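Below are structures written as structure tokens.
After this come two complexes, each holding subunit A, first together with subunit B and then together with subunit C.
Now for the complex of A and B:
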């Protein structure tokens, strides 16, 4: 069975990198949003969410990420997803998240794409 | 092959159904990509049923019928039912600036499946999802 949700976060080149593991449900989505808020308050506006170890997500968990997108849109920031399982990527595309957020193969590529932004 | 499960509303109970689905699919040699999409469909159908049945202690019945070619999922609750035509399709542009960012389950199920049907009435709701697996 899928492992319980957990996350780690790291600041790299002024970008917040959040890596999750396990099922991203409402609890997981809220935890990601809280971790983002903690850094956003201090001025971080570039965010990478690495979902490599989250093969199962649900739309309630993902809806918390729309909160992150809203705050980044208002502040000129940017969110990039990386290491997406094909099914998770399809779900995010159906929800339209890539109209506002980017996607890259891995964290290094995401950091490169964000480094070109002010 | 068939699998039937009755699920009470406890946190993350949908993972029990996913475990059964995954074992069934692997035994039949279904691709990882199709298994991943099937898991998302089943997750959405179950959480939707448990959340919207309107019952105090809901139970959701889940049936999987799987061949190498297709998966048919039936998710049934015994709640108050709803009128599917009244549910507005979510739009990310509106959701970004809206207080309510939820309400994506039906859209995900319709878009990710190959056939999707809702039957709802006073005695509950039955969602039937078909997904081609090859």
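Now for the complex of A and C:
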């Protein structure tokens, strides 16, 4: 049985790393957006979202992720997804999220790719 | 601000012209804002740069709402001005009005939302000029256009998102079908289908319940366990179910999510749930059929092994008996049979001639044949009289078989040198003996079939002598009851006793060949209905 949605976050080299677990739906998406907004207001523009423990995402959850991507895009920032389940990766690809967001195998790779950005 | 002299008017006109230019340029950039707060914020900033000393508030009332939101707060007492401005009237289109505190301008936007701009002069003594009003009217007009563009962009994005979501639903339906049909996966199919259905329909939660009659045997919740309750509003839940192997699989989804709370499920959501449930149903049926097929294959393999074991029980070659010519045959109607025959050399130089027929066919009959063979071989090593041997066999076969299984058997002990033949018929077909004078003697059943009843039945053996040149014929009912296409019995149409009398072949195996050939001719294309077994003994002259 899946657990209720939860997330953890930390700042690593000026990058916000959010790790989620559970269903990324309205509740999950909103929680991610709030956590992002809290750091974005303080100037954080590089974000990693680790979805290793989130195997199911719905379109409402994705709409929150799209908003984060748009906000980062407008401010010259970048979002990178990591540890994607193949089904989730395909969903995000079909919904067009990778047009503006990146994907990496794991958080370390994502941090490396973001560190090369100004 | 207000001015009266001509040069001042020219200067004012130039200033207004320049402000209009700035406004137009500014809105080109402003109209690309991705959300309403950004659009209002940048618009307000733009106007602020033109009317430097004025205080500006921007209020917004979304369509179908009565609440006003203060989106830009420049301390212009916007809400108070709005009250004065409205004076209890409804807005119908663009309006501009001077209020005791400044100027209020309202505009009905493309989606019936309303935007109100409230301007307050820097001091109570200052008034807004005509050019300020012109600027304000232009600003509102440009804002309406920018808002319309923003609406278009938002609708376009929403449409693209919606189309992508439909593609995603279709794709996921196909992918889920493929995943569900992978027969070796460990996770229960219904769980995967539930997850996908919840995700694709934006349900906040779901359950799949498996029941046998009224009893729930398994429940799976998504995303985690929750208390199910009755009384959800209309279309707040959707459900579907199917029955497979006396189990009902019921899927139920709850609370379709949107960014603005729970909304009713759509028809396509129900279609998706139905489709995913159908995929689970089809996959369960396919699994069942595959398992059945594998079971059949295993059964066939077991039957092949059983047949090879039985082949070792039925003699490939009968022993040579000095002064006798013995031949036999066994043709099972299935891969394993329920008939048995043998010619077993005994320690004292005599031979046991046996023929038996188990009631029934297939594996159960073959198992009893094996038991009979084992017990008979063991008992024949001793010195039991034939009647006691039959009694013991009756007991052990009764214990080894089910109520509907028994064995008819003919057992005879032949002393080759003298032709003495002690025989016992336990419910079997009559045995024929062709005497030297051309008469046929019949030795019918003198006892119950073996294993039929759990009693000490007093089997009686009979002693005869087989003279030189005389012939003995043992057979099972697969011969007498061989059926042709008209469902006629062989023995009824062509009495076996007559065939035995008329076919006095020089060799025993020739008799067997002629008999089988005659039966085949009689049955023609009708399938063999029972095992065919015969044993033919000719004492050489």
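Heads up, the rule we're going with is that the second predicted complex is superposed on the first by the 118 of 118 C-alpha atoms of A that agree within 3 Å, B and C clash if a C-alpha of one lies under 4 Å from a C-alpha of the other, contacts with A are read in each partner's own complex, and residues count from 1 in each chain.
Following the convention adopted for this analysis, a residue touches a chain if its C-beta (ideal position, glycine included) is under 8 Å from a C-beta of that chain, and two chains touch if they have at least 3 such contacts.
As the structure is a computational prediction, the values presented were derived from the model and not from experiment.
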| item | value |
| --- | --- |
| First, second, both or neither for A:66, with subunit B first and subunit C second | both |
| Contacts of A:56 with subunit B and subunit C, given as first, second, both or neither | both |
| Contacts of A:85 with subunit B and subunit C, given as first, second, both or neither | first |
| Touching partner for A:109 - first (subunit B), second (subunit C), both, neither | neither |
| Footprint overlap on subunit A, where subunit B in one structure and subunit C in the other make contact | 1-2, 23, 25, 27, 55-60, 63, 66, 70, 87, 90-91, 94-96 |
| Subunit A-touching residues of subunit B, taken from the complex the two chains share | 11-12, 14-16, 18-19, 33, 36-37, 39-40, 43-44, 47, 90-93, 95-97, 101-105, 107-108, 111-112 |
| Subunit C partner contacts - residues on subunit A that touch it in the complex | 1-5, 22-23, 25-27, 55-60, 63, 66, 70, 74, 87, 90-91, 94-96 |
| Of all residues in subunit C, those that touch subunit A in their complex | 34, 160-161, 164-165, 167-168, 171-172, 175, 195, 198-200, 202-204, 220-225, 257-259 |
| Residues of subunit A touching subunit B in the complex | 1-2, 23, 25, 27, 55-60, 62-64, 66-67, 69-70, 73, 85-88, 90-91, 94-97, 99-100 |
